[in-house]
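Below you'll find a set of structures to go through.
Across the two complexes that follow, subunit A remains constant while its partner is subunit B and subsequently subunit C.
And then the complex of A and B:
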């Protein structure tokens, strides 16, 4: 058993590569998704009903889709339409599109729960349109939805493991290679699980910090 | 045909305002005007349309009939070069609202900003005045309402009375031409009402133009230059406070005042 762990630790290089790939894939796609979701959330409450319905339809479809299905569609079906991208592009784009839908829906929900008077106070003090959203509404709904956004970020990290099926060398992919070469499945997976746990608890830690901010800067 | 212009000597001039919510007529032909430096108190039973009247003055509600003028300029409409009037865009309307301060019953401070942040938010980001100047004025306002020590606190850490004083300072920070108060003490614990009324009394004395919807009869009697009484969406009586309280001319007002005697 100890000897098996020694084998796994001896393979620290591929495991570290996989770990770092997972970290930057998740950080980049999480950040891009969050930024995009701010714009999508504005569409979700647009006064133009055609725009609002189209955006809500797209968000609903994406949320009803298992992430693996989306990945297969992007990676296997788009080439049939002569749209061919690298596996990295497909993987990142899928994560971004999928999580933008979730983040946008979370922001829309938080907006719906924001007291109407907050928006009204903004209007009474000279805000309208995008300025009203950016200065008055967005900061409040980001604070209010911090824990839910954090949960979705953790789901993103776990979904990123699916990227191995389109040959992206993430942590799961590398761990699978190590265990296949040396046939030490238990020890390798244990190490991989510990590394995933490290990423997720870091996110948890950040979310708890945000919750402390929310207590002071939130509605009572 | 050209629309009548508002009276330029009046800061606020309201003419024939009407508003319905579905079948319910909330305002019927309401007219009033407030001259510079004067305080108008609007009294009346709950549901008489007082709050709706205030919300129509800054167009948070769009009136169905009538017109509101701010220093002779029509609120919510803009004159085209051809001399016609067209409704303002959201942005134009927002810009005009910075000239009308509003203090809400529920304070509606922005919880994500500190006390100072609440005061300087609109002057810096909407009125685009220089930060240094705005912050210095905000500090002076905080001194005036006695809350300089709460400058960097968040609203969640303040009492109701402190919140409402900050909300008044937030309105003043925009240097508005008129301040609208929508029942500013109605959601406060009784022991906190006094500190808010004291700030408002000072403002009235300093010549800030104000329209105050309130149930505080004592405040209306002392601080108002004029009292307007509404019932069922209509103006029943307008009078100087002394005359209004001591010798009202309508039976409806006498009946209303008896409940406070």
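And then the complex of A and C:
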């Protein structure tokens, strides 16, 4: 067993590549979906009921769908409509779309819990529309929902492992290749698991920091 | 463009997905409660080991876990059929999340009641069976039903090791007929319906508990 671990650690190069790919894929799609979710959350509370209902329907369906299903729909069905993208584009786009739905719903929930007075005071001072959202509402709901967003980011990291199915060289894909070459599946996958643990523990540590900030700012 | 062969294939895939998920949840329920109890007991060495185990498995993607179990265990002489491996993967995954749910409701349990039970002469085991469990399960139930939706959404990972679940049926149909849109969209719709039913179940469970016991 020790000898097998030595074999795995000898293959640190592909494993590092996979690890770094997973890290940047998750960081990029997490950041992009956070930005997008801010806009989607505005649709979710829109006063135009047709718009609001359409957005909420899309968010609800995405949240009820397994990530692998969305990935396959994007990867296999879009070419049937003569839309061809590389597996990288498909993978990143699916991660972003899927995660945006979850982030947007989290922001909407935090918004619903924000005291009405905040918005009213903002309006009394002449804020309205986007300005009101950007200056008064958004900073508060971001602080309040920070920990939940962090947990969702951990889910994103775990979903990113599905990208191996469409041959994106992420951590799981690279580990699977290493184990297939040397036939040391248990040890290789265990190393991969430990690397995922490192990523998720780091996010958790950041989340705990954000929780402290949220408590100091008066959010439970 | 016949619908009936596709639908009957998808129906069989749905049965596999639901069976594997339910079996995994059932095993995970027992395992999860056991893990939570060991952790709550505060046994030296064992409880911290359980805490680390829970933390590691919680951070492990389903696919990675699937590959670890399905390809890794045979090197210890444990050869598993894909279906058994699938149930094992799902139970290992869900047990740690269920352990966290149980742990939360055990931590919330009023300490005074336990002390009173012990002072009344109950052993730890009896106090757990008669006093703690009948109240703690109520606090855990909504979380456990919510965990069921997460299990169904994670279950396509077992398609990767060759279990012909709903996802794999759609993939197979596509590779044979070169026709992706119908199988994938129909399979997606089935997943959405199953998950939405579970969400509805969670809401009604919460409501019933509130109606019967006053609060969660």
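By definition in this document, the second predicted complex is superposed on the first by the 218 of 220 C-alpha atoms of A that agree within 3 Å, B and C clash if a C-alpha of one lies under 4 Å from a C-alpha of the other, contacts with A are read in each partner's own complex, and residues count from 1 in each chain.
Going forward, contacts are C-beta pairs under 8 Å (C-beta built on N, C-alpha and C of every residue); 3 or more make two chains touch, one makes a residue touch a chain.
Just so it is clear, the structure is predicted and the values come from calculations on it, not from any experiment.
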Partner chain(s) touched by A:199 [first = subunit B, second = subunit C, both, neither]: second
Contacts of A:104 with subunit B and subunit C, given as first, second, both or neither: neither
Touching partner for A:158 - first (subunit B), second (subunit C), both, neither: second
Which of subunit B and subunit C A:80 touches, first, second, both or neither: second
A:43 touches, of subunit B and subunit C: first, second, both or neither? neither
Which of subunit B and subunit C A:217 touches, first, second, both or neither: first
Subunit B versus subunit C as contact partner of A:68, first or second or both or neither: second
Which partner reaches more residues of subunit A (counting touched residues only), subunit B or subunit C: C
First, second, both or neither for A:186, with subunit B first and subunit C second: second
Subunit A positions touched by subunit B in one structure and by subunit C in the second: none
Residue ranges of subunit A touching subunit C (in the complex, touch as defined): 60-61, 64-70, 72-73, 76-77, 79-80, 154, 157-162, 164-165, 171-172, 175-176, 179, 184-186, 189-190, 192-194, 196-197, 199-201
Footprint of subunit B on subunit A - complex, ascending: 117-118, 120-129, 131-132, 135-136, 139-140, 143, 215-220
Complex contacts: residues of subunit C adjacent to subunit A: 55-56, 58-65, 67-68, 71-76, 149, 152-157, 159-160, 167, 170-171, 174, 179-181, 184-185, 187-188, 191-192, 195-196, 199
Contact footprint of subunit A on subunit B as seen in their complex: 58, 60, 90-91, 93-95, 97-98, 100, 102, 104, 106, 108-112, 121-122, 125-127, 154, 156-157, 170, 174
